[in-house]
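Just below sit the structures, each encoded as structure tokens.
In the two assemblies presented below, chain A is common to both, partnered first by chain B and then by chain C.
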Partner chain A sequence: MSQALVELVREKFPEAVTSWHSHRGDEVITVRRENLVEVIRFLRNDPQTDMKLLRQIAGVDLLTFKSEMTGGGALASIEVPEYDLRKKPHVEPRYYVAYNLYSLTKHHALRVRVDLRSDDVKLPSITSLYRTADWWERYVYDMFGFEFTGHPNLTRLLMYPEFQGHPLRKDYPVRKRQPLVPELDFPDLIRGPGPGPGGAGVPMSQTHVGRHNVDPDAYD
Partner chain B sequence: MTEPAPQHDPLALEEDLPSAPMTINLGPSHPAMHGTVRLVVTVDGETITEAIPEIGFLHRGFSKSSENSTWHQVLPYTDRLNYVSPILNNTAYIMGVEKLIGIKCTERAEYLRVVGGEISRICDHLTCIGAIGLELGAYTVFLYAIEARELLWDRIAELTGARVTVSWTRISGVASDMPAGWEQHLRDCLPRVIELTNEIDTLLTNNRIFIDRTRGIGVISGEEAIDWGFTGPCLRATGVNYDVRKAHPYSVYDRMDFEIPLGSRGDTYDRYILRLAEIRQSHRIVIQALDQMPPGPIVTDDWRYALPPKKDVFGSIEGVMAHFKLIMEGIKVPPGEVYVYTEGANGELGFHIVSNGQGKPYAIQVRGPGLPILSALPRLIKGHAVADLIPIFDSINMIGGEVEQ
Partner chain C sequence: MSDHPRSLPILKPEKPEGNVPESQQVLGLEYEVPVLTTRLEESIGFFEKNLSGALGWARKNSIFQYPFVTACCGMEYMSAMSARYDIARFGAEFPRFTPRQADLLMIVGTINVKQSPVLKRVYDQMTEPKWVMAFGVCASSGGFYDNYATVQGADRVIPVDVYVPGCPPRPEQVLDGLKILQDKIQTQLHHAATIERALDMELETKKRSFLGKLLGK
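This part shows the complex of A and B:
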């Protein structure tokens, strides 16, 4: 079933599909970045494919994919091996983005992948095709820093705005700590309007992960 | 004949009242915002004109932590994704690892997973219904729902050893079999759960106040819901028949006789009534699974993936070696990439897992069913009164753990 789907896309876009494979029943195609939107538009709108549900957008960083672990799972360092970053040749294309699509009427699924080189992490947004792509693209932007051109509001989804870097990149250290962000001066209803947006409001965001006035040394 | 009294136009009176858009922050630590989500709402009088959800207060770095844990160490993290129905999360994640390895779960364990999972689903729906009742002023409903949920959570505690942080599934099986007499315990307490569900049904379903507060509120059409990425009860409330258990039967769901309840309007009331109907279907599945459950091993005897029995660990060199390798290095999963999807309590729960053949997941990202649904919250509440915000928010049953990972 899904095999036929891959054939269909390859016939329709012989230039766009660079590779395809099947693993454990999951059909995967890799398309060129320039053709991403038209391939996904075809998959969404064509009655033969009819993939109206965008399940998820996931990003993967292949930086340390080839690295050997020393000492086995539990014993291995939780950091990226330093020598990997310095000595080993860089994997290019380093990233890929996977779009998991599904058809509610035909009950078939397809994963569309786009490779990204580390020096150019831009790719077109598909928010015009799926409303749900809005938050998933923000999520991937937040975690990996890929720029989805054409996204209406590409801001961080889970991390706070002052956060530096992108945590799911493999060269982001697990134990890294970021300086705490000073508490914002929230507008206060009793003490008068403050500089924040909206003019008046109730300070509710003091428990935000980045905005606690806790001694930074208390954790370490 | 006296002249008729001049008709008062209630709207004409309001025109004179000064009204300017006002911004209100709801949450993140508001008792009605389950979990910690912040909602910046712009209201014009009583009407919501704009809403921006802000999430991330509960972000624990699920993906990053998991990528630095062995395959089995990820299991406790998955408990904390949806902390109301953790067995469903455990099962979904382990099914992903099993798919990568290409190993099959033992038959008895499949049935145990179905029993545990459907009990968890009932708990999740009861929590949701109880919360809707609570926040619409029907405190009794909440008490009934929590009583039923506690009954089931006690059974889960007996089965797994923990109420919520169960970490119960294992690769190709589960951690523990049913203790002696547990099946009878469960069969004894299920009628009470259904009785309490019926009580809730009586209290809410035909309740005039409840219907007025929920009927036609937060309406979304099926097509639009799919566009927003809805799955689960919220999608089925719009009439779209998509349930992973029926569309792609995994585990032993193809041997179960159950129905998929469907709504028609896609409003808050339908989302409530659908959860009520699903509780009854889950009850049917639990009874069938208990009836059909075959005897047999609950985990594979392939020591590359499952811990050997203690008798072998202490009694044979092979057992010690297998135990040591599994504990110190974890299992080795062949390289590959899979997307595994199951029917969670609130919709399709998916894991996108990449392995590079080492002892840890190379990349793992979760598709929490709540995230797409929460992203559509502004669409659902726009144009409604402030008082309708909370029932709508309750009916989508957003779980902070899985949305904010």
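This part shows the complex of A and C:
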């Protein structure tokens, strides 16, 4: 069933699909970045495929994958705090983004992959096709730092705005800790705007947490 | 004043010559405040101690806790609260779901960096006297969440009185932690703020009048 799906996409977009394989029963196709939106639009709208459900967008970092020098998991040890990209080899394209699509009527699934080189981590947004892609792309941006061009509000989803770096990249130091942050400003919906910059009463940004009594260097 | 017959000798450091460290300075004799005032202080101290003990007894047996439940430790909190383990036997009867009415903040679960301002705000909203229990290893030390998102122990945000280990802790451990906290509450000094201030003022006026009489002012 899914094999026929891959054949269908290959016939429709012979230039876009660069490779395809099956991983433990899941059909995977790798498409070029320029053709990503039209391939996914076809998969969503064509009555043969009818993939109305975007199950997940995932980012993957292959920095330590198949690397002879480090091997997987070596960065998890405390002895290797940082990965020096200039000295140690890594695979290119280093990243890929996987879109897991599913059809609720046909009951078939397909994974669409887009490879990204480490020097150019931009790819088109598919928020115009799937509403749920909004938060998934914000999540991938938060964890991996990929820029989804055309996204309406590409900000961090899980981490806080002051956070530096992207924690699921393999070169993010495992033991790195960042300082605690003050409370966010948010508008008071009941009492309306007040004298403070953030809303009524005392602005929340004045309630600093931990800045005085926590030493960020004390983590390591 | 130093030759007054009813004054006590107290030890004061002599003025050192040159740059002598404070630990090597020699103590010398000097005469100070009359004995009568010391007895008054003693009696007030006795009263304060008993009052503090009574307040401690009352406070340790009526701990209203605010459960700040963020993770799976909440299940063990429910177990400790409900009939089988029944934390109400130790006076911790009512969970108050507003920090303004609570004495004990129970941090039940993982605290991450994004959440720590909320925890700080909840702690600030509690009225004095207040105590904090870190419930489980995540609240105590971060537990096995040794990563970018988790605060490595709630004591990096607010002061913690008692740490209950376990992942999650057994209800018996929670009760044990509560007993330890009760001992702490009983033995610490409770200031009855208004009474203490009144006594201080009274003491000051009496001191002044005594000294005034003695010194003929």
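Structural remarks
The working rule: the second predicted complex is superposed on the first by the 162 of 220 C-alpha atoms of A that agree within 3 Å, B and C clash if a C-alpha of one lies under 4 Å from a C-alpha of the other, contacts with A are read in each partner's own complex, and residues count from 1 in each chain.
We take it that a contact is a pair of C-beta atoms (placed from the backbone, for glycine too) under 8 Å apart; a residue touches a chain by one contact, two chains touch by 3 or more.
Treat the numbers as computed from the prediction; the structure is a model and nothing was measured.
In the superposed model, A:V37 lies in contact with neither chain B nor chain C. Of the two partner chains, neither chain B nor chain C is touched by A:L8.
Applying the stated contact rule after C-alpha superposition, one finds that A:Y130 touches chain B and leaves chain C untouched. Once the two complexes are laid over each other on the shared chain, residue contacts for A:P167 go to chain B and to chain C alike. Once the two complexes are laid over each other on the shared chain, residue contacts for A:M159 go to chain B and to chain C alike. In the superposed pair of complexes, A:V91 makes contact with neither chain B nor chain C.
Here chain B and chain C are compared by how many residues of chain A each touches, and B touches more.
In the superposition on chain A, contact of A:L180 is made with chain C only, not with chain B. Residues 158-160, 167, 172, 174, 207, 209 of chain A contact both chain B in one complex and chain C in the other.
For chain A in complex with chain C, the touching residues are 158-160, 163, 167, 172, 174-178, 180-184, 207, 209-210, 214, 219. Chain contact summary for the complex, chain B toward chain A: residues 22-30, 36, 38, 40, 55-57, 59, 61, 63-65, 67-68, 70-71, 73, 99-100, 102, 223-224, 226-229, 231, 240, 242, 247-248, 325, 327-330, 336-339, 341, 348, 350, 352, 354, 356, 358-360, 362-363, 365, 367, 371-372, 375-376, 404-405.
Of all residues in chain A, those touching chain B in their complex are 23-26, 28, 52-56, 58-61, 65-66, 68-69, 72-76, 78, 98, 100, 104, 107, 109, 111, 130-132, 134-136, 139, 143, 156-160, 167-168, 172, 174, 197-205, 207-209. Those residues of chain C that touch chain A in the complex are listed here as 113-114, 116-118, 120-121, 124, 146-149, 151-152, 156-157.
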